[in-house]
Amino acid sequence: MTTAVLEATSVSKSFGQVHALSDVSLQIAAGETLGVIGPNGAGKSTLFGVLAGEHRASSGSVVLHGRDITGWNASRVARSGLGRTFQVPRVFTRLTAAQNVEVALVAARHRLGRMTDNLTHDRAMESAAAALLDRVGLASAAGIEAAHLGQGDRKLLELAMALGRGAHVLLLDEPTAGMGRGEARRLVEVVQDLRTVQPELAVLVTAHHMEVILALADRVVLLADGAVRVVGTPQDVAEHPETRRIYLGEDLL
Amino acid sequence: MSQRHTRLAAALSVLPILALAACGDDSGGDATDKEHTIGLIVPTQGAQTELGSEVRAGFEIALKDASTDGWTFTPKVVDEGTTPDKSVEAARSLVGSGVKNVAGLVSSADCAAVAPVVEQLGGTLVSTTCSSDALTTPKLVSESFFDVAAGDFRYNEALAAVIAEKFPELSKLGIFAWDYPVGKESPIKFRDALGQKGVDVDLDPEFYVPIQAASYRAQISKMAGDLSAGDPATKGVLLIVGGGATTSFLQQASAFDLLDSVSFVGGPSEPYVGLRTLKGAFPNYWAAYDYFHSAVDTPENAAFVKAFTEERGVAPSGFAWQGYAAGSSLAAAIKAAGGADPDAVQKALLEIEVPTPTGAIKFDAKTHRTNSPSVIVNVVGDPSEADGVKLLDAFRVDANGNRVE
Amino acid sequence: MTVTRAAWLRQAVEVCLVVLLPAAIISAIATDLGIYVWTTVVIYIIFAMGTNVLVGWSGATSFGQAAYFGTGAYAVALLRERELPNEVLLVLAVLASAVVALTLGILTLRAVGLRFGIITLVFGQLIYLVVFRNDGLGSETGLYPVARSTVLGQDVSDQRTFFWVVVSVLTIVAFVLRRMYQSSFGLTLAAMRDDPLRTVALGLPIRWLRLISFVLAGAVAGLAGGLFAQQQGSASPSMLSFALSGHIILICLLGGRFRFWGAAAGAIVFTWAEYHLRSLTDATDLYLGALLLVIVIAMPDGLAKLWDLTTVALRSRSRTSDRDEVSV
Amino acid sequence: MDQLIEAVVSGLALAAPLFLGASGLAMIFGVMHTFDFSYGALFMYGAYLVVTILDGEAVGVLVFGAAVIGAALVVGAVAGFNEWLVFRRLAGREHITTMLGSFALLLVLTGIAATIWGPAGRTQAQTRQLDGSVTIGGAQVATYDLALIGVGAVVGVGMYVLMTRTRFGLEMRAVAHDRSTASALGVRSTAVGAGVFVVGGMLAGLAGGLSAPLYAITPELAAAFILQSFIVVVIGGLGSIPGAVVASLLLGTVNGFLVVFLPEFSDFGIYAVTALVLLVRPQGLFGLSEKVAA
């Protein structure tokens, strides 16, 4: 087992009496894609929030590249190479797609953005942004205001921004939610292409469409009621009685 | 950077230039040597409008009175505005366009900003209501600055002179003042002035309220409690506030027996504009200022009061007298100097006797303020009077604090 | 990432064209009084463009900017006896207001949205009260006289010369702000204004971004205040008042805070309207209020919208579109 | 220690007018999430209407009460017109734009008042039966202030009942939390919005009318009043009526104590307390803490 890029050990998180996560441990190696599945309320989004620094873990630890990032705030976590997308995509609606990516590129280069450079005539920045947009299939949308982009394109834009940010660990929070079959297939292809271009990229993805998980994930974790139930290859987890029980609800019969 | 955007800013800034640039109309030039325009800068809108209209009416009557034997003086009124930079704008529109002799200004901050500008543009300024002593002592704010208002110090001294005489057993003085330096210093000067006349008082309780505040209930209730005990003859209340604050204080104090448990209530500020709005519902009150309309019965004053009442439907206040004195000074100085030339006018101002409803006044060479005696009045609310203000007694105290019969 | 010489040049040309061209026209045709009024307008433009760094660029509306404008004015007024040249005076005014802005910026860092506006208003009133009650600062009369000190050794007290001093300060400030507006720092501020949470998720510390724009806005306000004390000839408490803080926000919104030159346009129209109304009527507040009401209701993004409606040429979606056109 | 009682009693007497003035403003803020500067002008109109109806003469309590109620109704109508003319057209726009609109409206309303009633101040004589004072625990309290405390209590209870027991109150709270969801559930949000402004306007008119005998009534009364009730709403917690009650009591008592024990600091008192509360609890005593991305 190669050393883990991102490792969560016995992470628990409760909001008051609600125990969203209890004793969750998982690892992702460089170049590996880990799928996280589970019914609504299983704790997937909370897990993402804790890893991305949006929530503070009640107990347990999170280690990124061997550094303990438990309790770091979101911007510090992002600065140390962990990029994320949001379940409901959040983009800078008043800026063009190109400018959205440029913000990520600037964030990668300087802590605050320099006052002395000039973006409107920065060929290097523009071509870097264009390349990233091309990589996610949004090359033609560069000059369009993000407000006019559809749900699917916004998710792809978030992906480009995470890459622009120089993330080498990607948290994709239900990237295909609300997408049609065609759009979902396009996103899967984009993520697969990414794996060939950046082999060392580690990806953590959650989704409800099983085919997306099967297409992307090397390993799958089944989460239910805030705890890890099953871990294994997509096939093992798909056929595992526990998965069938949780998803198909046999015990309800 | 797109060209289109440059055109936006350039056009937007060019558009108003034409209108604004045409604003310096200069209709103020003197036609012949006997026809002169005198400028007046007073508030014509906003919080001080009432005060501005009083000064303006007095000023216009003075110019009418002075337009005799061939001389004609026409007033030109410009709004003082609510901030010093607006009053400087007003001064520049007058003096800059040839109206060299200007009167007016009600706020000391405006006087401080305008005086140097008038001097720089070669004009003369006779202020009406800038009572801050710092403008003239120790150093004149500018050589071409004159002021008909006696100033906070003299009002304080004059009131103390009369109160020391009328209330010899006074020993305890409640203070209700605006929370700013003049509000803090005047009570101390008042106490010292009383002390020189053998009346030793201590200032207790003292309340300093923010200038924007409107409700003084807590302060008045506490003061009523502190001053309730003891013989009324030994206690008094001194108000160092202005404008609506005096009126609000008397309204809110009427609920408590504060005003019955003290013998003296008053303050060194213009009483008439505030008290006449109370329609006779106020107690015995003492005040000291430059003028009170019924305190002097000379033919000139009677004529002034008649002309003023026709104009504004109410008797003239201290501010009206200041407007008259400023207008009359400039007119008389122009006549004496034979023209509007600033040096000649300023020299004349220091020499001539200026006619006013309360007798002739002279400007002091050092302070550029007048020697007009301050008027101390004792009034009481009386609904049967036309303006609800009944004059019980009146005194005059000259510039160095001595009673004038 | 080398900054092409063309960018510097284009920005310099734009600023000179937009500032110096109209200034030359004004200086040529305006009367003495007109020059005085226009000098005040240019000082308001500097103050408004500085405030817009906060209100427009970062989307954080502070109701206490007069506190920094007044700090700059009183700094210059307090040094009036020392006969320092303007270069030194204005630098000290900027430093003084930057320090006050830094202090209050740190204190109000946690407040967001309307609460930020409220807490900045309360601090602004506290500073107004401190100055008003302080005898050393001249209380209600203020500090005077404040002479127009020399620039590069030359006497600039003549109104037209002083007008050009103020215009050149505006040119420098506008050029520096223009460069910042188009810099990566400017882009991060626009990102923060648009979606602070997303900006944080990209690793940008929005607390620092807000603090820097707060101090920047305070410093430029102090610079404008320092000039205003010399323009008026004294420093008075009204330079710290809540009314002035309200007016400068009004000016930014009136002109269009999402446009670089919006605040400048707002300053010109507001001062022009107030000046003419004051001489035409005795109810300036009534007509000024009505005018503002129409603009607020009819033109959500301020006067800049008016310019778009009059632009006949259809704007093509150019690839390197300047953020101005986009952020309508 | 009768000085202590004195401070508390005068604090209470101070709290009533503060609450009366700020309650309507807190309600408008709670539902519309914006600060309405023109509210100060409505307060001023209340005072002007009472002094015009009674021509400033001292009258009996019943006549005075009728005049105040009449003034409150007229001001409520004016507030309804304002809502239609300005706030309805600004619905959904950013808070800062609505605040700017209300600031412009304040200028217009103050200008109109100066044109109708002229610049000279007016005064309203105190009501005959209520013009004395009573001593409670060593402190002299004006009977009119006691009446104000009574009216304040009635208004407080009335608003509580309105908010919690009536359908309009339920709809108001729904719109306050989330305008779009409320509309989705069939709440006529625009009508509720108008209703809030009318009720708020009536409260402003009532507070203004009741303050007529206390202040010199000039067009500048609006500006002086708006800052004071602004602070009560801010400290109480934006939009919370119980917050406004507690904040009025807090500020009234602080002022009462400052006047009794530290008179020279009284004017700083109100601003210092406000700054302190805002630094420690930005959302005010009872407000909900806003999300970061406000």
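Each chain gets a letter, A, B, C and D, in the order it is written, and its residues are counted from 1.
Quick note on the criterion: contacts are C-beta pairs under 8 Å (C-beta built on N, C-alpha and C of every residue); 3 or more make two chains touch, one makes a residue touch a chain.
Since the model is a prediction, treat every value here as computed from it, not as a measurement.
Novice: Out of curiosity, which chains are bumping into both chain A and chain D?
Specialist: Both chain A and chain D are touched by C, going by the contact rule given at the top.
Novice: Between B-C and C-D, which chain pair is linked by the larger number of C-beta contacts?
Specialist: B-C
Novice: Could you tell me which chain lies farthest from chain A when each chain's centre is the average position of its Cα atoms?
Specialist: Result for the farthest chain: B.
Novice: CA centre of chain B versus CA centre of chain D: separation in Å?
Specialist: 35
Novice: What's the distance between the Cα centroids of chain A and chain B, rounded to whole Å?
Specialist: Computed value for the inter-centroid distance: 73 Å.
Novice: Using CA atom averages as chain centres, what separation in Å is found between chain C and chain D?
Specialist: 33
Novice: Going by the touch rule set out above, which residues of chain B reach two or more other chains?
Specialist: Residues 1, 45, 49, 179, 210.
Novice: Enumerate the residues of chain C that touch no fewer than two other chains.
Specialist: Residues 10-11, 129, 182, 195, 197, 200, 283-285, 318, 321-322.
Novice: If a residue has to touch 2 or more other chains to count, which residues of chain D qualify?
Specialist: Residues 114, 227, 267 of chain D touch two or more partner chains.
Novice: Can you name every pair of chains that touch?
Specialist: All chain pairs meeting the touch criterion are A-C, B-C, B-D, C-D.
Novice: Which of the residues in chain C come into contact with chain D in the complex?
Specialist: Per the touch definition, chain C meets chain D at residues 55, 61, 107, 110-115, 117-119, 121-123, 125-126, 129, 195-197, 200, 242, 246, 249-250, 253, 283-290, 292-293, 296-297, 300.
Novice: For the complex, give me every residue of chain C touching chain B.
Specialist: 10-11, 14, 17-18, 21-22, 25-26, 29-34, 36-38, 40-41, 129, 132-133, 135, 138-142, 144-145, 157, 182, 228, 231-234, 236-239, 243, 259-261, 264-265, 268-269, 272, 275-276, 278-279, 282-285, 303-304, 307, 311, 313, 315, 318, 321-322, 324-325
Novice: How about chain B: which of its residues touch chain D in the complex?
Specialist: Residues of chain B touching chain D: 45, 47, 49-50, 53, 179, 205-210, 212-215, 217-219, 221-222, 224-225, 228, 243-245, 247-248, 251-252, 254-257, 273-274, 277-279, 281.
Novice: For a test of understanding, state which residues of chain B touch chain C in their complex under the given definition.
Specialist: 1-2, 4-6, 8-14, 16-24, 26, 44-46, 49, 79, 81-86, 88-89, 92-93, 96-97, 107-109, 111-113, 116-117, 120, 132, 134-135, 141-142, 179-182, 184, 210-211
Novice: Note which residues of chain D are touching chain C in the complex, please.
Specialist: That would be residues 33-35, 86, 89-90, 93, 95-97, 99-101, 103-112, 114-115, 227, 230-231, 234, 238, 267-268, 271-272, 274-275, 278-279, 282-283, 290, 292-294 of chain D.
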